[in-house]
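A quick write-up on the structure given underneath.
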């Protein structure tokens, strides 16, 4: 039997932090042993956390004390999950890696370091090999692995099987994202009631950059030239769940049925290895023409929120299709993706009892 | 001086009806003289109307009685505006046309009759000539003219100058539309709080069909082969204002600057003729990368709500651009478009004092 | 061991219906065996239901077929839960009772029949004796028992221990209720975005009438003259959970601490009998001055949503206090209350294997 | 003819600031001549302001530059409106008063200085005499006058005529306030979607304290002992407009008709003096049992938003009534109230051309 790994959650009171707590509270071999925070240090987790998710705060964890974000206090920790805000995350994560911790980060700060994986376990698992280079080059005992922007995952997951198997030309993405994607306090309410809030060029470009990289790192069955991506990103008054409409163009005539099959049969190493947090199907297809919907589909899959729901698969013309996806941004797009990454790393020998 | 034309507003208590009332209450030569309704006949308009728009109910109109939708009671009416619901509109509008009334309809029922114009006055004004054929063929003294689906106008208005001047290949549209676009009671609140509601294939196809026809009816400076359109339509919890993200592809390399110029300089007969309800610019361009926004831009232009705000003009690749539009659905997309159509018809001699 | 009772759920596709399905799907001795509906008869439940609640549709139930609302088809059913709409419920429930079924109704139609209990199991359990009279008078083998208006329960549950133990003079209630309380389609979205919707005199009066009766049926430790209640009811754009602010006035000076104790120690027969759906505490007190909140407190207790959260307990003057409550309207206020009632009836011998 | 007074607006880019700009843009004798800000100094007002109100930014003002909040730069300014945030306002306003400016403040910082009026012009106009004492004691050439908390005005305006004319015992207030009342960025969106947010003890107490003082400063027709007030305050996802439910208790039997008359006939010095910004009726009564509503009633009166709409007037018992009010928080509750105060001060000789 596998030994229990002890996990520290940085930013444990944040919107991603709470999903780590929730999902790990019944994990077979990863156990929350350290709750790190900033503003509420010394207080019982259950009293200070904004539990903006399903279920109740696990009783045992509610009584744990929030502690400083300090590697020196974490002697018996085997793995560190880091959903820290942009800017704050960067130096902290380096410090933890230097101290020998495997750091699974959901923050953007190290996503484009050349030697840091940007992992979606079903799509580019071989990129975890970058960790070897990272440790060597940086002379670290620990390491940093990152997960992509939540909205990038909502696009990359359905695009990956398409990109791997068909001669894609481009993808034109429009997202309608939830408020929790911006953290707390995040978006001011006066910007969102009776409004649609564009996130601007910066965010659009970030999404394009991340999706491009992830698609480039897939194992393709065919040669792909450069593809061209466009993204237009927004928030509306939804709490959880990012919605994306994607028009995909191809260099040759395509068949919608073949696309459907490639989406439907998509699975990866997590499924092969039967990782505890792996959904049976990373992509759940729906045929109803008014689904997926954010409210009804964000918690899809088992564990809840780990499957991306894809629908509205439609042929626009011989070389263009349209599809729509809903992803749970703080689960599959953050904490759940982080736990799945950890499981893969454990399986591959990158994380063990220290 | 022009003589005052007396207008009847059918469906005057509806969401489009109230915009007719508001906009006509200070029109130079069209005056509301008959308020038709269904449920509130015999009651004072001001007591029964849900005035879900800006400003107060005009005092004089508040006291007018809501009357039956019956052409025989409208002897002194010169023009009939018909924002009636789909299904109800069709036969009623025919009856009015038979009785000799010019009927400006915002409803879908007659939009695709071969002899009925589907008019955006800046784009396809020459199509009003269909009225001659219509009167002849149907042996009517009056006639029916329609305005397009509000969401189709939000796409067609920015696409028209592009289509007229550049070799377009296709356009991939994603809309995020407001609740008022569905009338009252319309969308159930439980479908929209914390959700994004897809409108489904039917609505998507309607939008594509209407935009296609309108673009086909533009006066082009260049030859155009068939273009390919795709649409994915939604509602969110906004009250007024339809938002659209449009990716446009071209058959040849294009310059974003030339596109910008064509949008910026776009104007049509309403502007040339200086029609009272014509906005100076049908398209207002914004350069801010977080605009247009539904809340802040839907009332743009003068008269308020008559200009479509276009922004986020961006080159995605050599042959693809992205733009975003906000249109006030019940104003430019319905009542305002209807009044502008009436003004054009008056100018062209199709409507006069009976 | 107790034998399994088979339950039919009328209106099983409605907002209350789905909570019955969810809560009964792991009930120790009540099992869903018949799903009755109206619009979706013959279709698999999982395909037609709007599952606007937590968790996934239980797999086995998803495949069950929706069937007609007809007692003659329910031979092996032992108990009927009836969350049917007002008007529709009345005659249907009588028919089922005549056919010998115990009917637990959440609808208003029979709430004020003189021989029908209006039950909150913790408050007026002795009123189930009305069933004997009902069966006798009506010569029925079955019977009808009702549960109160959801909003009435949110007020009555905290008021009951106060009324039982202190000389109340009156209570002035203001509710801010959720959309699901009105069923589906219910409240039009255009009435609720950027708005607070008053429910009007009728609803206010209904709430007062039900709370009055329930308080009158408590077992008091003291004599009570007539008390005076006022209610002002509203909806806002929340999905589940009714919020109420209650000012309570007394005929003598009171101590907030004694009130707190009476609320905190409140429990009833369901707790004494350890009924499976009874929350350990029907009232959960919070001391935080920004709680309870609808979003964070509606699922309180175990089973989730069965406890009413009460807070903001404050002395306004010597004879006036203020408190605030949050109740899950479709759980404690409907399906959960109905199941708890059923469990009490089973315990008391009113329901058994037919 | 009166000479034009030049006004500076501090915090001119804020939610109250924009209403000052809007309302003064067509004021007969007060003209915006200085727009003070903090973050956007040096930029054109029209480019930086979030214009979250009706109408367009007045053209001439859009081009004005935002300037520092510095009395030394305002040589030709005759009057200073100060909607600065709590904390920031206090010292700045003192500095301006020392420099000889009449300062009309909407901020809380000086509201309870013993020599500073807390003015609702219709209710306690005689309190402007405190200004004489203030100038003397503080040896200032200028002075500070404050307007109450927006939510306090929504309660105080309907309570004033009742308190003046009837033997009130107490008032139990529940508010449901809009987001703009908290300024920008204000309330985080994640706190308000699908939620009702209590404002807590502090805010409740502030409301009680301000309403108490204002009622105490009315001119009563009868003796009043102390009355007892309670308040429970909340925000929901409305943009503008504060809603309040008020239960009023009396020391003697009252007649709802007399109360109605006193509300309906309520008017004060602004009406007598025919001040330009005075609504004809400070209180507009509605008899519909689902009105007032925030969306439909917040802009009531002329100038729009200057009347408080009161309805649901109901007798609960012989000595208790219920009423409901809607006030436009940034207009009557802030900028409009400030302008009305200025007009009264001008009329009384406290402000003149410097």
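Read from first to last, the chains carry the letters A, B, C and D; within each, the first residue is number 1.
The criterion applied here is as follows: a contact is a pair of C-beta atoms (placed from the backbone, for glycine too) under 8 Å apart; a residue touches a chain by one contact, two chains touch by 3 or more.
Everything numeric in this text was worked out from a predicted model, so none of it was measured.
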*asked:* Starting from the defined contact criterion, work out which chains touch chain A and chain C both, please.
replied: B, D
*asked:* Please tell me whether A-D or B-D has the greater number of C-beta pairs in contact.
replied: A-D
*Most distant chain from chain D by Cα centroid*: A
*If you average the CA atoms of chain A and of chain D, how many Å lie between those two points?*
48
*In whole angstrom, how far does the Cα centroid of chain A sit from the Cα centroid of chain B?*
42
*Mind checking the centre-to-centre distance between chain B and chain D? Centres are C-alpha means, answer in whole Å.*
40
_Touching at least two other chains at once: which residues of chain D meet that condition?_
50, 52, 193-194, 237-239, 295-296
*For the chain B and chain A complex, residues of the former touching the latter*: 170, 172, 174, 176, 193-201, 228-230, 232, 234, 236-239, 243, 245, 247, 249, 289-291, 293-296, 312, 314, 316-317, 320, 322, 324
_Residues of chain B that touch chain C when the two form their complex_ = 15, 50, 52, 179-180, 184-194, 237-239
*Can you name the residues of chain B that touch chain D in the complex?*
50-52, 54, 56, 193-194, 295-296, 299, 302, 304
